[in-house]
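Below is the structure I would like to discuss, written out as structure tokens.
Letters A, B, C and D mark the chains in the order given here, with residues in each chain numbered from 1 onward.
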Amino acid sequence: MATDRPMQLGMVGLGRMGANLVRRLIRDGHDCVVYDVNEEAVTALQGEGATGATSLRDLAGKLERPRAVWLMLPAGIVQSTLDQLVEVLDAGDTVIDGGNSYYRDDITRAQQLAAKQLNYVDCGTSGGVWGLERGYCLMIGGEDEPVDRLDPIFATIAPGTGTAEPTPGRTRDGTAPHGYLHCGPNGAGHFVKMVHNGVEYGMMAAIAEGLSIIRHADAGVKEQTVDAETAPLRDPDAYRYDIDVAEVAEVWRRGSVVASWLVDLLADALAQSPELTDFRGRVSDSGEGRWTLIAAIEESVPAPVIGAALFERFCSRGLGHFSDAALSAMRAEFGGHAEKKDRP
Amino acid sequence: MATDRPMQLGMVGLGRMGANLVRRLIRDGHDCVVYDVNEEAVTALQGEGATGATSLRDLAGKLERPRAVWLMLPAGIVQSTLDQLVEVLDAGDTVIDGGNSYYRDDITRAQQLAAKQLNYVDCGTSGGVWGLERGYCLMIGGEDEPVDRLDPIFATIAPGTGTAEPTPGRTRDGTAPHGYLHCGPNGAGHFVKMVHNGVEYGMMAAIAEGLSIIRHADAGVKEQTVDAETAPLRDPDAYRYDIDVAEVAEVWRRGSVVASWLVDLLADALAQSPELTDFRGRVSDSGEGRWTLIAAIEESVPAPVIGAALFERFCSRGLGHFSDAALSAMRAEFGGHAEKKDRP
Amino acid sequence: MATDRPMQLGMVGLGRMGANLVRRLIRDGHDCVVYDVNEEAVTALQGEGATGATSLRDLAGKLERPRAVWLMLPAGIVQSTLDQLVEVLDAGDTVIDGGNSYYRDDITRAQQLAAKQLNYVDCGTSGGVWGLERGYCLMIGGEDEPVDRLDPIFATIAPGTGTAEPTPGRTRDGTAPHGYLHCGPNGAGHFVKMVHNGVEYGMMAAIAEGLSIIRHADAGVKEQTVDAETAPLRDPDAYRYDIDVAEVAEVWRRGSVVASWLVDLLADALAQSPELTDFRGRVSDSGEGRWTLIAAIEESVPAPVIGAALFERFCSRGLGHFSDAALSAMRAEFGGHAEKKDRP
Amino acid sequence: MATDRPMQLGMVGLGRMGANLVRRLIRDGHDCVVYDVNEEAVTALQGEGATGATSLRDLAGKLERPRAVWLMLPAGIVQSTLDQLVEVLDAGDTVIDGGNSYYRDDITRAQQLAAKQLNYVDCGTSGGVWGLERGYCLMIGGEDEPVDRLDPIFATIAPGTGTAEPTPGRTRDGTAPHGYLHCGPNGAGHFVKMVHNGVEYGMMAAIAEGLSIIRHADAGVKEQTVDAETAPLRDPDAYRYDIDVAEVAEVWRRGSVVASWLVDLLADALAQSPELTDFRGRVSDSGEGRWTLIAAIEESVPAPVIGAALFERFCSRGLGHFSDAALSAMRAEFGGHAEKKDRP
């Protein structure tokens, strides 16, 4: 199923996502010139049909004009790479930032590039390690011209219409049913991707909380501590279930209202380790959830669920320690409550 | 694709869900005797191959022993119907409650029926109006014997394995990949369904909040009120996007981490009405979310996201009025802040 | 400052609160007969002017009819003590439960006692270890007759009007400005006390979170980890403050909007240990916060702040572990994100 | 009780807070030169002993060097006023911003003024309309020299030690027990004031939610709607209390753990209007709560309670409408749930 409009793309950054984007493009008939500071990553993709480059200048030299160069880099090094890249590009070329940059940086960078008659496109890319086979959902920001020109690239990277049933009530055309969308001017792509990740935080937390409630449906079986510091379970007989959480996640995958890719993934993790013993539960957050919440605050949009999900992650990493110590200190002051020593 | 183990089932309650369960069963070769206080509902299903009954006694008379009778009723009338039904059943018969009963009632009812040597099975049924074609996710509680005996019924109602990709890491057998699961003794089915709905609340809220943040990405375009009571938007240039929310929902359906049936549904609603003008935003809750949160509290499991989602629904219905008035009253007391009169 | 209406009261349970209630009563001219399973506690109060009792029966024998017996016991042993006590009381006597019983138990217990023509009064008692000097805030439920009869007792235990400025807008009479209130029929006292504690959870959390935000105003000084898993601080120069949290708590005690007894207490704790090193931050909860949240749910009243405060306490005790592990598991599945090993 | 170190201060902005600061200063023996665009405000204070000025230049001319000028202005006009003011000041003069500016602006403004050898002091001022008699809690940021020089001014404006009991565990000296604190370099004062307001949001919400739960303790008395969309109250007999909320607020003022100025204020509001009928419950927020939450996010400090309180305010103003409509839309899609039409 090769594209009928093959294009050429430069890819900078050959980590898992960058490399898989290249594989998906090559597989569909596009021509890729690839570069990474890690030479092995370049060599590996050369073996799969890509053209290797030894520097940004070399990459630029191997691309026909107007060039299109996709950056797939950690947010922290996008700016410095971009600064070098623009030195070797020419008017009319386009840079696509496919990583998780903050959309406000896109606005600044697009202005910076526009001053050199370069186009800037921000492209939020969702799909993770599964994107190679599943396709990537693309949320794109930028001027119409470069975005339209790059359509064959986006169409190849995106999942395509066949990957989900058509939306019954839908009558419009457009690329959204193919899994990619030009969301608006510069920054709009990363804005939508940012919020996508905020939604992801909330959905993940809802699922995790629910399965934890099911996991602890045996609370009434455990011996009850009776002291002034512990609320006894009022009706232990209502909590005597020993429910197989892994099977619950599996059954929710079909026909239920909560059926979702995240439930699919958790069912997979639980199938491998029903008690999730490989995980200590220190949940990272890589920025988008924070930025989403800040956007909600600045827009005056209530987002209590996304907020609770973000702070739950902070708590999981022990970041609430001082606050919790202050609570215990107040309890000790007014009630003479010493902290309980043993883990409940 | 008819079942190879046809059974007979009595269905009491022929609302949308009850009627569709009957259709799905008939279609797969099972024999259904149906009853509803609404005679037209009975007549309609007779026309589709069901056997009609004029009363619970008539229904019992038309079923072979050991009978299986499925109740698909609003939670408020389950108990009274059950009280009548047990009068016309015999030892060894089974009643399945497929509605949204509180799992604590299941425990009581199962004891009530056991005293008459009747079996009780609680079956949480998810799938809504789409279940006829999509199949229903079933979460089942009860003794092994009746649950095992009814397996062909559950297998027909459930979606079946083909409706989702197999879970890669899964090595176990069991019915979960078919979309139904015997979760544990009485109440376990409705317990899992209850939490399922709690998870649903959280996922829905995450999606809704996110799309609202995208919807209001134009906050910087609107004229800013400047007074001591309103925080001005610090960087309006960062909020000048006019993003098509309906297209965002559509693009998230494929390849994204948030891909889910709920996003599918919202994409459909937005395709029909991009501003959702048919909805005033008074969001009902029918009990399971509340019960889930109570379970979390009693089990000592943190559930801040599900909690926030539940209270967001309460707020949407104006139930926070007294609390909000108290906030305004305190502000008026300490700061002389009069409430702002115009809607923001 | 002795009462002009001295009464006699039996006190059962001579822990810190019970003993201090007795001291406050004796000091004001009331006559107390005291009992505790711990004989030393009885002896100690005898030395301060109370009449000791060796059993509930002995206590009853030393009280004039109609008797008034105050229980000041852990919630877990109230019922068993009450069962024994009613055996030695007579029609017309009154039992006051001054502990932290669940108000629903009050309803049941009042009915149980009414059957024997005994009066039951539930009395939520706030004030902690400071009540001896500061007085106790009393929230009372029960029939009018016994509550009115016990007025001199309540008036002595309560702080009295002098302890706070009069409310400017107040024109009504009543006991509330004295620090005690007959809230309604049985259970109403403990209901109001329960909610009082729920409010306390929320206020405490607000203060603790705020001081933690001030404590971490030096976030920009710390070295920043740069990797794909960590969001870098966007503007470290805005977070270079080393603010003395103990002094902040002290300054907020006077003239500020947040001035409160809880801030007073935390200022005291921080004065003694600015880093709160004696506290691990495992915050107990003893039931009222949970019950308050359940009441909010059942009444359909939004209580997102009290809910967040309760769940924050659960998290502080590690009770979110399974949920957090599930989040990490999902992240590992979709993004290949390994958990970070070191504490941030 | 006049100060023994009288100083001279220019006050720009004679709204309620600015005027009351001047009154407090004059009363204590300081000399004030006052200016406002509203001439009547100037005239009024002249009648109380202040020296009036007709322009910023006039004000500067009437102050001895090194001058101290206090701005008490809405955040939105601080910058423009400051720009004009610096034109008429001389090296060594000091500007104090006593309003609710964002602390990040303080950092910029201090640099701007330093370039002209002017000192900048940011001073968060809490106390509202009650500050004239109660004194204002001052949170101060800036260089040591100007802050030390202005000590007599701060000492007069602050409440003073007598307004609260000494903190028992405190052994340190310092100004905090007098109600003012030099928190750190520029911005630190407004940072602490910002968080103070965030704490205020959380405390207010806790109190308001709690009183609402008490207000609705009669939920079981109201007729119950029974339909599939409404969860019936499981135990209506537990919610048959008609509790006087105004009296509860009053009784909490003395001896309780939640005793606080905010409870004092709400008791006053409820004494005047027990149903708070003057308030529609549209709760404004003027920026500090938002900024506090953003600081928590950027510092990685969990602040679920302050977050919930902020979003509760947004909801009260109808800002969750689109999100709520999306929830109703999803419910309609999966369950055929029409929204309920009547207000509960």
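In this section, a contact is a pair of C-beta atoms (placed from the backbone, for glycine too) under 8 Å apart; a residue touches a chain by one contact, two chains touch by 3 or more.
These figures come from a predicted structure and were not determined experimentally.
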Taking shared numbers over all numbers used, above half giving same and below half different, the chain B and chain C interface sides are same
Most remote chain w.r.t. Chain A, using mean C-alpha positions, is C
Chain B and chain C have mean C-alpha positions lying a whole-number Å distance apart equal to 38
Averaging C-alpha coordinates per chain, one finds the centres of chain A and chain B separated by a number of Å equal to 28
Between chain B and chain D, the Cα-mean centres are separated in Å by 44
Residues in chain D with touches to at least two other chains are numbered 128, 205, 207, 209, 211-212, 216, 234, 257, 261-262, 268-269, 290, 298, 300-304, 307-308, 311-312, 315, 317, 319-320, 323, 334, 344
Residue set of chain C touching chain B in the complex reads 257, 290, 293-294, 297-298, 300-304, 307-308, 310-312, 314-315, 317, 319-320, 323, 334
Per the touch rule, the chain A residues reaching chain C in their complex are 16, 74-76, 102, 128-130, 204-205, 207-209, 211-212, 215-216, 226-232, 234, 261-262, 265-266, 268-270, 273, 276, 278-287, 290, 304, 308, 312-313, 315-337, 339-340, 343-344
Touching chain C in the complex, chain D uses residues 103-104, 107, 126-128, 131, 134-139, 158-161, 163-165, 167-172, 174-181, 183-185, 187-188, 191-192, 195-203, 205-207, 209-214, 216-217, 219, 233-235, 237-239, 241-244, 247-248, 250-264, 267-269, 271-272, 292, 295-296, 298-309, 311-312, 344
